[in-house]
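Please read through the structure below; I'll follow up with questions.
To keep things simple, chains are lettered A, B and C as they appear, and every chain counts its residues starting from 1.
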Amino acid sequence: MKIDAKDMACEQLNAAIKASADRKIEVTDVVGQRYIATACSDKEIEIHGTPGNAMGAYLDGATIALYGNAQEATGDTMNGGEIDVFGSAGDATGYAMRGGKIFIRGDVGYRCGIHMKAYRDNKPAIVIGGRAGSFLGEYQAGGTIVVLGDEIGDKPVVGYFCGTGMHGGEMYLRCDRIPVTLPPQVKAEQIDAIPSDVKALVERWCKLFDKDVKTYTGAKFFKLTPDSENPYKRMYTSN
Amino acid sequence: MSGQRMIDSIAVMRERSNGLGGGFAGYGIYPDYKEFYAFHLFFDSKEARKETESFILRHFEIAYSSEIQTRKIPQVTDEPIIWRYFLAPLSRKLADSHLDEREYVARCVNRINVCIDGAYVFSSGKNMGIFKGVGYPEDIGAFYRLDEYFGYCWTCHGRYPTNTPGWWGGAHPFGLLDYSIVHNGEISSYDANRRYIEMFGYKCTLKTDTEVITYIIDYLVRKRGLTMQEAAKVIAPSFWATISSKSEEAQREETFLRRAFPSLLVTGPFSIIVGYTGGIMALNDRLKLRSAVCATKGDLAYVASEESAIRKVEPDLDKVWSPAGGEAAVFELYDKEGV
Amino acid sequence: MQTYIYPEYEVVRDRAKCVNCRICERECANGVHRFDEKLKVMVEDSAKCVNCHRCVCMCPVHALKIVKSDDTYKLNANWDNRTINEIFKQADSGGVLLSSMGNPNTYPIFWDNLLINASQVTNPPIDPLREPMETQMWLGSRVVSIRRDAEGKLVDTLKPQLKLSVPIMFSAMSYGSISYNAHESLARAASELGIYYNTGEGGLHKDFYKYGANTIVQVASGRFGVFREYLDTAAAIEIKMGQGAKPGIGGHLPGAKITADVAETRMIPEGADAISPAPHHDIYSIEDLRQLVMSLKEATDYKKPVFVKIAAVHNIAAIASGIARSGADVIAIDGFRGGTGAAPTRIRDNVGIPVEVALAQVDQRLREEGIRDNVSIVAGGSIRSSGDLLKAIALGADACYIGTAALLAMGCHLCRSCHSGKCNWGIATQRPDLVKRLDPDEGARRLVNLVTAWKHELEEMMGGMGINSVEALRGNRLMLRGIGLTDRELNILGVKSAGESM
């Protein structure tokens, strides 16, 4: 099914997507419509244009391919499915996501993957092609964040305060050195080869965005992990 | 029908008032000026009148104005200066205001009553007029020479004031545009109603139940477009338990109205008669804590607190009944325009 | 250095009555009581006692009582015992002081300075036992357009609302901060009463999905357990922006309380800390709140009202005005006396304002802006009785949340030690041996009793003032008079002084 979103209000567009009997939906001329495919579980949606905030919030199994840039809060509280952004994404991408995958060809804004968590077999993952803004993986409690540093020139692969409050999950940064000071509870180790599940994520990213697999999977990465799941244990005194 | 019939009728119920307020509303009494808003005003002083007239001139064209002719009688004393103006909104001002005409007029009335010290508009409808003051109603009727007015519908009221002092503006009927309301009882929901209705541009300056009920009816009927019957279901709805025993359609309607306008539910004892162009509505609180009797004789309908007041002017009635609590009794002319 | 702190409360045992049955020993998770094999008597260590009164209630011969200790440092009006002890604790540990339940300090309680009206002569009181009396309330937006169908009948244009049989709901308390049995008690009582309980931010246990029609699910900054089914199951969704006990800070459930079951409900790994960030990181301004409100509505097909819960803070009226324009249907205001499973003491005791003034200001502000119909207002943060409830409604609340009162009904004795996780009453604990002490049948029954009793009292007081529907009480501030308040306080509360007529 094809939907021309030109001049459509956000409620109208979302209602049309929900009402579609087809599994595959192509939406064109999207400009600013928010909450596209919210909580959607059973569709393959191709979007052309610039959707509004909170695209794919609470996504529950559907896939979204966006040919354009994403704004803020993409994949907010996402539970499953996949979002592929053939451009860059804004702040708070993948906030509190618990499952599913987000692939971004370009950069992400501030606070990507904040409070990402894992649950049973749900291992959420975000693969960022370019670089990430500050506070990447703040409060991260689970899942995997990969930053590939593709086409970023001499800019640092992540911004400041990376991994603040991180207490679970892992981050992989493709770079030669960690460009920022990490919080004390986060441990960084350089690894020669990424584990197979991360490799699969990178391969998927390469395939999606037509990149040379070896350039990325063969590179050196830093692996960031927290050293405690209970970072604040000793902070309080019973009163 | 002249005002004299009403004077005769209400005199029967002298026991119900205490001489601190009486008043009448007559509909169809100004056929010669029926296209104009008839403003009746009380002024405390000449200065107040001057200030008001300069306001009126900025907003209206005055078709005719004069002091209202009264008859000096010993029972009525300390009267304010009482004037009448027949007005049409200035078309340019009205257009600039982006308001519909009635809203424009209502706002002007509100402005005078709130902003001009010593001036009070107590009647502002077309082809109708309110006449009221401090005294027993039959004396007030004589004072205003109501025997000389003829109309198709009259309401009147004798007051026994409770919460607010007896003053000329505080007597009933209370009016806004062509709505006039007489009310008996004391409502317990007053401040809930007041604080809600004031959200919509009304200002309850008099602090009386009648004033707030008038605004509620104006809001629901004029501004929101409900019928009188629907407005009655907001003001005096059936209890939830009663609603649930009604037909599905009635349940849908009454539940919607209660859920949409819960703050306009009026509790406590009241019986009201609302006069408007072309009709009247009588309504009791839902527990029927006040009395009301309706009657018909041919084409004429009567509503009163006591049957005796009706029998006094029409001993031979076709039908007499008491409407149930919360059940609106609406009587309208065949032609609602009142011509 | 030895900084022994003498216990604030002492366990006193009447040895003449004690039969050494050792029930107190079994009942105390804090290890206060012990049988001395040599002396053949029960002995007690008051230093471990949290004064939860479990042993006092369970002692079959009433041999136990707990008294305030008369041990004291040299009396000092500025440096009281508590303040000194807190310094000692912090010097010992370097820790942030952590407390539980609501602010216990001696701030003014405005409820106690408000008096209720009654009818005399001009208006009849109503006898609620024999005359109809309505406590039913609908919560949500009341903005309607008047439209008619082809036959001229009114079309229902209301957004979804919640129907309450009585304007009381159980406030948000998460599974994790309180026990499975406590949650079950609340859920069952809410169902039976025709009201709602609130999951708090800890997700909704699978066993309780069947109470969905009486459940408000919370979406907090940690988004624990938030997924499609969770949202779909609920009657309404509450976005938690803040909590009265700890405005401006997030939540932190220590890993020790994240048992397998709690972890599953929160959808996180077992034993890992559950941290709720202070803000929602997708909400940095009011327009972002609208984004979350609308995305939740979109996710649930606009079928459920969305609440926004905020802590009562200084600028609350303006904040509420923004929320009322965000698409939210209900604003829940939580006063600074509100309870908590754990909060830094300094925050709990110093941050925020009383719900009475917050409620009065919010209601007034929304009316002044003509947007009171956009939202319903729910007040919480120490509603202690039906008197407080009635006063809150007269000030302008559509309904009240009760948390502490509900916990008390289930057996809580306000020992304020929830953060220890060793609640002897089976409420604020995840230890299976303690949890089972709270029988959900009994818990639900006591909650139903409490709300039913308050409903009767509310009806009595409403009847006294000649009001037979709670809708006519809401915002009816002339039914209140202030006593012992300054002009400014009266003004802020929007009530007249006792003795002043209409």
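Some points to look at:
Note that a contact is a pair of C-beta atoms (placed from the backbone, for glycine too) under 8 Å apart; a residue touches a chain by one contact, two chains touch by 3 or more.
None of these values were measured; they are calculated from a predicted model.
Set against the Cα centre of subunit C, the chain with the most distant centre is B. Between the chain pairs A-C and B-C, more C-beta pairs are in contact across A-C.
Averaged C-alpha coordinates give centres for subunit A and subunit B that are 66 Å from one another.
Centre to centre, using the average C-alpha position, subunit A and subunit C are separated by 37 Å. Rounded to a whole number, the gap between the C-alpha centres of subunit B and subunit C is 47 angstrom. Across the interface of their complex, subunit C is touched by residues 10-11, 14, 18, 34-35, 38-39, 41, 53-54, 57-58, 60, 72-73, 76-77, 79, 92, 95-96, 98, 111, 114-115, 117-119, 122, 138-139, 141-142, 165, 167-168, 229-239 of subunit A. Across the interface of their complex, subunit C is touched by residues 162-164, 185-193, 195-196, 198-200, 207, 224-226, 230, 239-241, 249, 252-253, 256-263, 265-269, 287, 289 of subunit B. The touching residues of subunit C, counted against subunit A in their complex, run 86, 89-90, 92-99, 219, 221-223, 226-228, 231, 252, 254-255, 267-269, 271-273, 275, 277, 281-282, 291-292, 294-295, 298-302, 344-345, 417, 419-420. For subunit C in complex with subunit B, the touching residues are 119, 122-124, 126, 131-132, 134, 136-138, 142, 144, 146, 153-154, 156, 158, 161, 367, 370, 372-373, 396, 465-469, 471-479, 501-502.
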